[in-house]
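After this come two complexes, each holding subunit A, first together with subunit B and then together with subunit C.
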Partner chain A sequence: MAGQSDPHVSLFSPPEVEFMAEDELVEIVPNMRMDPLNFICGDFGPFYPQIPVKVPLWLAAALKKRGKCTIRPPQWMSIENLTKVLEGEREDRGTFQAVPFHYIEISRLLFDHARDDIPDIYMVRSLIEDIRDVRLHKVETNLEKFSATSAVKIAHLSAMEVNVVRPFVVRALQAFYKHDNPVLMVDLDSVSDRQSHVTRQRQMPNNAQKQPLKRR
Partner chain B sequence: MNDTSSRNGKYFDIDEILIEEELVPVVFHKSANGVKVDPSAEKDCVDEGAKVELPFWLSQELYLRQAVSINVPACFNQKTRREIQADAANVDLRSRCPYFYEFGCKIAPIVGDRTIGKMLLSTFQMRYKDILTKAHTAAYAVASKFLAVLTKEETNLYEAAQSSMAAFKKWRIGGPRIQRASVLGRKRKPID
Partner chain C sequence: MAEDTGDGSTAEMDDYETLMSTTDAELLKTAWRNEKAAPEILQFQAPLVKRAKEQIQLMEETVEEYEESGMDPLTVSLYQMDLDRAHFLLRSYLRVRLQKLEKYMFYIWKNESLWSRLSDPEKMFVQRCIDDMEKHLEETVLSKLPDNYQSVRRQSVISEEDDMVPEPQLDTFIACKARNRFVSLRLADSERPLEMERHDVSFVLYKVIEDKIGADIDLV
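For the complex of A and B:
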């Protein structure tokens, strides 16, 4: 699966990443009665008033729009947890905190569709924005470090963060890989490399023989 | 790696064509009749030992037929290398050779200079950091001045970083999630 927005680059546009994030499950509290819904991605429901149920985010947003439910913000979206994560991100410059893979997209979708269901929305929003900015900056400093590598491993990066740096990183790694491998540059080069190796090996024993001769 | 397939794959690549247009200084080993390399020359022939500049694609073919020997182009000479060593980020590589890296990779095995490969790698390493930081932070006015010294490959890299960052910022600010297709807005033409 590749992004539909630009056929030439293997890149998802941010709305496409958001689309994928809409498959994440959230808990809703319906205020209506409804039979179970059978989708390709699974069965959801049945829905009873005041009984929490887990549904995909897109369904939650659609129901919320019609005033049929309230969305329960996920556990990680609490102020305590977010403050902890933010502190962790600021203290540890090298590594990333474990956050939900789609935290940027989910938080934005919830802020857009269910602002009245999130307690302390201003605080939560600014915390998430801080976390996101700190992490993006960290990604950049991380990328500055690598040179002449053909693989990078950064743990706990989220979908959107990966997506933002993907086109740059892919190209940069390709360039590093190409210039670091003289064999890959052109076939001729590898041939001449091998030739010089052979001649060097041949010359070595000759020199070794000559040296004792000179000493005599 | 299979060189022929990779070459075929890039046959219609406009960048590939432009790279091979770069001029290379060559020395003729044989005199050639009926060719006019230099437009100001009096005769239609090239003498043995004549030094001329030919496009890469032509000099490569002549080199394979042992008609010419190829010298190191000006963009890889000692003077440029010293400048790169001094401050790689500010060397104007675009004016020297817009395809500095790709051209270097092509010319290195032919002139038999293995230091070119290493020089390309170290140049890229040094300039890479600047591209990264500028791509994500610099304002447009600063960026356009900075862009002028980048080679084509570096510009691609810079634009890749910048466009994905711009797309992300645009998404973050928000706006209409569903856009109406331009076709829908149009009014139907009355049919006579």
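For the complex of A and C:
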């Protein structure tokens, strides 16, 4: 029937994903006094000079832009932690390290708006870029090993990553679902991957390093 | 709000956050995200939309007052930004629904349970859409076709059901997360349930979690 699966209806644009990330809280150190702000999205403040306070990222960025505060980068953005995460990502090819759901967007927003508040910004930025690349590569190589399942669970996949892999994963699962009927299951062994018993849901399988899928 | 940072001490924080993240702005964001990611139209969030509209109106008046009373322009602009964000969310939510209504108007119109998910203005909108669409097709094409092929909804008089009505693809997979700490899903073709922690993202058949959206599970 006409027009039933428009893959774009369910997709979030990058600015929309960023919009959602802007509600995440960060700590700022104001340099001025201001009364509490009673917003629709919550109450923040009061603000006193040199007293740290938590606000949503968008508010932090707005105050920073006007020179009213400095932003304290979150704990997970320390070089020490990022190095640990990157090592973990490289060592364990099957699973993902625990990172904030919006780590890509948060770090991007902070790089854009608060570069002078992040110590060793070049190092931090390159670590995060490496982490992002390793993770995307990992998703792609793991997707190669995809086999018929009625559900795929991926621990610690981030918002932006979900958004990137969604079109492919959904189409692949749909195709499997269509062909997934007991009679056809027999054929499964003769298809590319030889995992004898098909467990229906699981983490994405471990696998040795392979050529990445074609880059977009 | 803030997601788990992976430092181990997040479990208590999660509960606390769940309690704290109940501002209407947050709820509206979730509703918008769910609506955007779901293949079919979901239940209209009437009370939430009503509250959001009231808050927005109140805030508009407040901002105006602040402006007139000569309040610090910085503070006023911050309130304006908050207002803009709430506006954006509400509009996007309503707009995503309108897109679905336009696309699946005939399908929704004939399906009682879907029809009941619409707000009154949405019902009016669909009704008018259908009238306009029928009139348009009638005038431009259908009236010029042979008698047997003049239906908007059927290919010809021998069709036994409406076979020209666009329907959403429900046999599809969506990405979702557990709203609270732990959710267990029964899958039709597996004996082991799918267990989801709060940090897990799962791609699951839409029908499996359909009735859990907005309760135990949110789409991402």
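What we mean here is this: the second predicted complex is superposed on the first by the 173 of 216 C-alpha atoms of A that agree within 3 Å, B and C clash if a C-alpha of one lies under 4 Å from a C-alpha of the other, contacts with A are read in each partner's own complex, and residues count from 1 in each chain.
What we mean here is this: a contact is a pair of C-beta atoms (placed from the backbone, for glycine too) under 8 Å apart; a residue touches a chain by one contact, two chains touch by 3 or more.
Note that the structure is a prediction, hence the values are computed from the model and not measured.
Judged by the touch definition given at the top, the superposed model places A:166 against both subunit B and subunit C. Using the contact criterion defined above for the overlaid structures, shared-chain residue A:126 touches neither subunit B nor subunit C, since it reaches no partner.
In the superposed model, A:14 lies in contact with subunit B only, and not with subunit C. When the two complexes are overlaid on their common chain A, residue A:95 makes contact with neither subunit B nor subunit C.
When the two complexes are superposed, the chain touching more residues of subunit A, out of subunit B and subunit C, is C.
Judged by the touch definition given at the top, the superposed model places A:157 against subunit C, while subunit B stays out of reach. In the superposition on chain A, contact of A:62 is made with subunit C only, not with subunit B.
Residues 9, 166, 170, 178, 180 of subunit A contact both subunit B in one complex and subunit C in the other.
Contacts from subunit C toward subunit A in the complex involve residues 1-7, 23-26, 29, 33, 36-39, 52, 55-56, 59, 72, 74-75, 77-79, 81-83, 85-86, 88, 99-100, 103, 163-169, 171-175, 185, 187-190, 192, 194, 196-197, 199-205, 208, 220. Contact residues of subunit A toward subunit B in the complex are 9, 11, 13-15, 18, 108, 112, 140, 143-144, 147-148, 160, 163-168, 170-172, 175-176, 178-180, 182, 184-189, 192-193.
Touching subunit A in their complex are the following residues of subunit B: 1, 3, 101, 105-106, 108-110, 112, 114, 117, 120-121, 124-125, 128-129, 132-133, 135-136, 153, 156-157, 160-161, 163-165, 167-168, 170-172, 174, 177.
Chain contact summary for the complex, subunit A toward subunit C: residues 1-6, 9-10, 12, 19-20, 23-25, 34-35, 37, 39-42, 58-59, 62-63, 66, 68, 74-76, 97-102, 150-157, 159, 162, 166, 169-170, 173-174, 177-178, 180, 199-201.
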